[in-house]
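By letter and in written order, the chains are A, B and C; residue numbering begins at 1 in each of them.
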C-alpha cells in the first residue's frame, strides 16, 4: 500500500462544505465519543487500534471510538486541524508541512517508528542501489516530499541528485507502473505492503530503505490530534493513548492473532495474503527502545525537520518541538 | 365500380406528355390490404393545364407521388414524355403544399437547388435564376433568408425553384392552400400569365373547385377512397382567362355540375357508412 | 399596395412586405439588462458573503481561503499558473478537436446505416457507463505517461454528447424535404450533404457546447491520474503542502478557461449557422408582438 492516496474522486465543493461545519464540541462526559480518521483503508498498520476496539481497551477507558477511512484520506490533517475529527493517523513530513501553513495539529504518538516509504525495483532490472537509478525512469505519486527523499538517497550513493533520474508522475498506481515496465523503479511504495503485493504477483523486488541511504530516520505513521483538544481534554488523550498502547503491545506479541481481529473488524475487506506477511514485517517496528509504545524521540523530530528545511521543503520558522508531544504517555 | 365515360377519343392519348394507365395502389393496414387508388386513367397533353379534384383522402396526393416517382403503383403503367417510365425521379417538376425552402440557404440559393442537383455550376444557375426574380416578384430578396418572406413570396420562390430545371411537366399539389383568398386570386392570374409564356404541361391537384375551373383546360373528378376517376370535364372557357369570368353563367354551370358530382360522391360515402 | 384588378396585364405581382425583424432601441436595452448583469451581481454577493464569513469567524487560510487571498495568489503566482494553464488548455483543445472529428464521423456512419447503428450505438452508450476514473489509470499503463493519455481521456468524455446530438440532428431531417430532393433527382449523397448535414448543425453545436464543458473536466481528471504539468497537477501538488489558496486559484483559472471556451463555441455557432439564430429570433419577436 502506498503511503498516499490512490484514485479518488475529489468533490471539492463537498469538501469545503464539510469543513464549513464548525468544530464539534464534545461534551465533557465520563463516556467520551471519539472519531479517528485513518490514513488509508484498514491494514496491518492499524492492528493495535482494531485490537483495542475488539478487546475492549477503549471501552475500559470509557471511550467510544469510531475508526473510519475518510473518502479523501489526504484531508486527515485538515479534518483533525479543524476539529471535525478528534484524532487522525498521518505522516511525520505532512505534520510539519501542515504546521508551516498554520494547521494546528500535534503528533501525540509515533505508530510506526521507521520509514515504510522506500525505493523499489524489480529484481530482474538489476537495480540494487540508488546509484543504479542514474539515467533511469523513477515513478512516484504526485507527493512533493518524495523528491528530496529520492534526491538524498542518490546523493548519498554518489550520484549528483534528482537531475540524474527522470521522475515520472504515475499517480497512485505504482505497482502497475512497475510491472508494466513503464518505469524502472518507484519511490513512494511501502516495503511492508507494495513489496508483498508484487511478490504475490510473481514479481520479486529489490528494496532500498530510506534510512539506509542518508535520509534521517523518521516516523512513517503518527497519531495526531489538534491543539484545542490538547488544551481542553488532556486526560481523554491520556486514556486514549493508554488503550492504543495496549493494543499495539498485543499486536507486537502476536501479530497473526491481530490480523484475525483485523479481518473480523473490517468484515474481511482486507487482503489476507498481504496483511499477514505485512503484520509480520511490521511487528518489529512496533517495539521501541523507549517504552511505552508511542513515545516519540525528539532527536528524530529535530533531525527530520532540519533535513526538510535544508531541502527547501519546509519554512524555517517551523519548530520541531511544537509539532509533537510526549505529555500523554505517563502512567499505565 | 362503374366508370363514368368521358367523351375523349382514344387516339388523343398517344401524344400525351403524361399518361396514367390503369394505375392502382394498395396498402396494408393491420394486415388487411386496402386500396387507395383503383384503376385510374389520366392523361395530359403537351401544354395542357389539367386539374384533379376530389374529396379528402381520395388519393390525389398519392397519385401525384406516383407520377413523380416517389412511389410505385401496385399495378398499371405510367408514361412520361411518350415513353414508359419506371424510374421517374427527376423527370417531372413537383411543387408540394409546403414550400420546403431550406432555411440555411438564401432565396437565390434555394431556387437554384434543382439546377444545382443536376450538376450546373452555382454561378451559372444563379445567373439564370436572377433573370427571373423580378417576374416572380422576388426582386430585392435574393439574399434574404426564407424566414423573412411572407407566405405568398415563399410559394412563388418554391414555384421558381420548381420550374427552373425546365422540365416538361409540372405537378402542383395544392400549392396555394395556405394563401388567403385575395392573395390566391392574384397568384392565379400571375400563374396563368407565366404558364402562357412557358408552354409547359401542368397537373394541378386542389380541393378548390373555383381554382380548378379557373386555371385548367380539363378537370378530373375523383371518387372517395379507393380513388377512381369519376368524371372528366372539359373546361371550355376562353383563354386568356379573366377574373370576371368567375361570375359568368358558363362558369357557374360548370361549377354546379362539378359540385353535384362531388356531392353525389359524398352522399354515397355516407350511405356506405364511410363517414 | 393597389387593390387587385383583374384587368391589369400580367406582370410581377405587387411586392408584399416581408416579415423583417427590425431592432428597436427598447429591445436592445432589455436584451442588455436581461443578459449578464444579474449573474454578475449574484457572483459579487456570494463573494462578499464568503469574504465576510472567513473574516468574521477567523477561518484559517489552509481550511478555506478568503476571496481576497485567492485573488492575491492569482496575482503573485501568475507565471506559475500561466505555465500550467497552457498545458491544460492544449490538452482540452486538442482532445476536443479529436472528439469532434471522431464524433462527427461516427455520427454520420450511425445515421447513415442501420447496420452500423445497431452495431455501434450500444458501444457508444456503454463507453460512458464506465467511469473515467477507472479507465484513466489503465490508459496510463497501456499508453504511457505524457500528452496522449490525457487526449484520450478528453476525447472519450467529449465524443459522447457530440455523437448523440449529431445523430439526432441527422435523423431529424424533414422527410418532406428529402422527398423534394428526390423528386429533383438527387442522389443519396446529395441529400446527405445538402439537407441532412445542414439540418444537423444546430444539434451538433448543442453537443459541442456540452462537449467543451466536459473536455475541461476530462483534462483535469487525466492530469490527476498521472501528469507532471497542468492545472490539475498543480492542484494535487498543492494539496499535500496545504497551499489551499493555490488550489482555489487553480480552480478559478480552470473555471474561467471553461467559461471562455464555452462562449467561444457559442460565437463560432453564431458565425456558422446565422440562419438558425435569425429564425429563432424571428420566432420569438413575432411572439412578442
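Worth pointing out:
Keep in mind that, in the parts below, contacts are C-beta pairs under 8 Å (C-beta built on N, C-alpha and C of every residue); 3 or more make two chains touch, one makes a residue touch a chain.
Since the model is a prediction, treat every value here as computed from it, not as a measurement.
Here B-C and A-C were compared by C-beta pairs in contact; the pair with more is B-C. Nearest to the overall CA centre, using the mean of each chain's CA atoms, is chain C. Centre-to-centre spacing of chain A and chain B amounts to 87 Å, using the average Cα coordinate of each chain.
Rounded to whole angstrom, the centroid-to-centroid distance between chain B and chain C, based on C-alpha atoms, equals 46 Å. Rounded to a whole number, the gap between the C-alpha centres of chain A and chain C is 43 angstrom.
For chain A, the set of residues touching two or more other chains is empty. The touching residues of chain C, when paired with chain A in their complex, are 57, 60-64, 133-134, 137, 140-141, 144-145, 224-228, 233, 236-237, 239-244, 247, 251. On chain C, the positions that touch chain B within their shared complex are 4, 6-7, 10-21, 174, 176-177, 179-186, 190, 194-195, 198, 201, 273, 275-276, 278-279, 282. Every residue of chain A that touches chain C in the complex is listed here, in rising order: 4, 7, 9-10, 12, 16, 19-20, 22, 74, 77-78, 81-82, 94, 97-98, 100-103, 142-145, 167-171, 173, 176-177, 180, 182. Residues of chain B touching chain C in their complex: 68-70, 89-94, 96, 98, 100, 102-104, 113-114, 116-118, 134-137, 139-141, 144-145, 147-150, 152-153, 156, 165, 182, 185-187, 189-190, 192-194, 196, 242-244.
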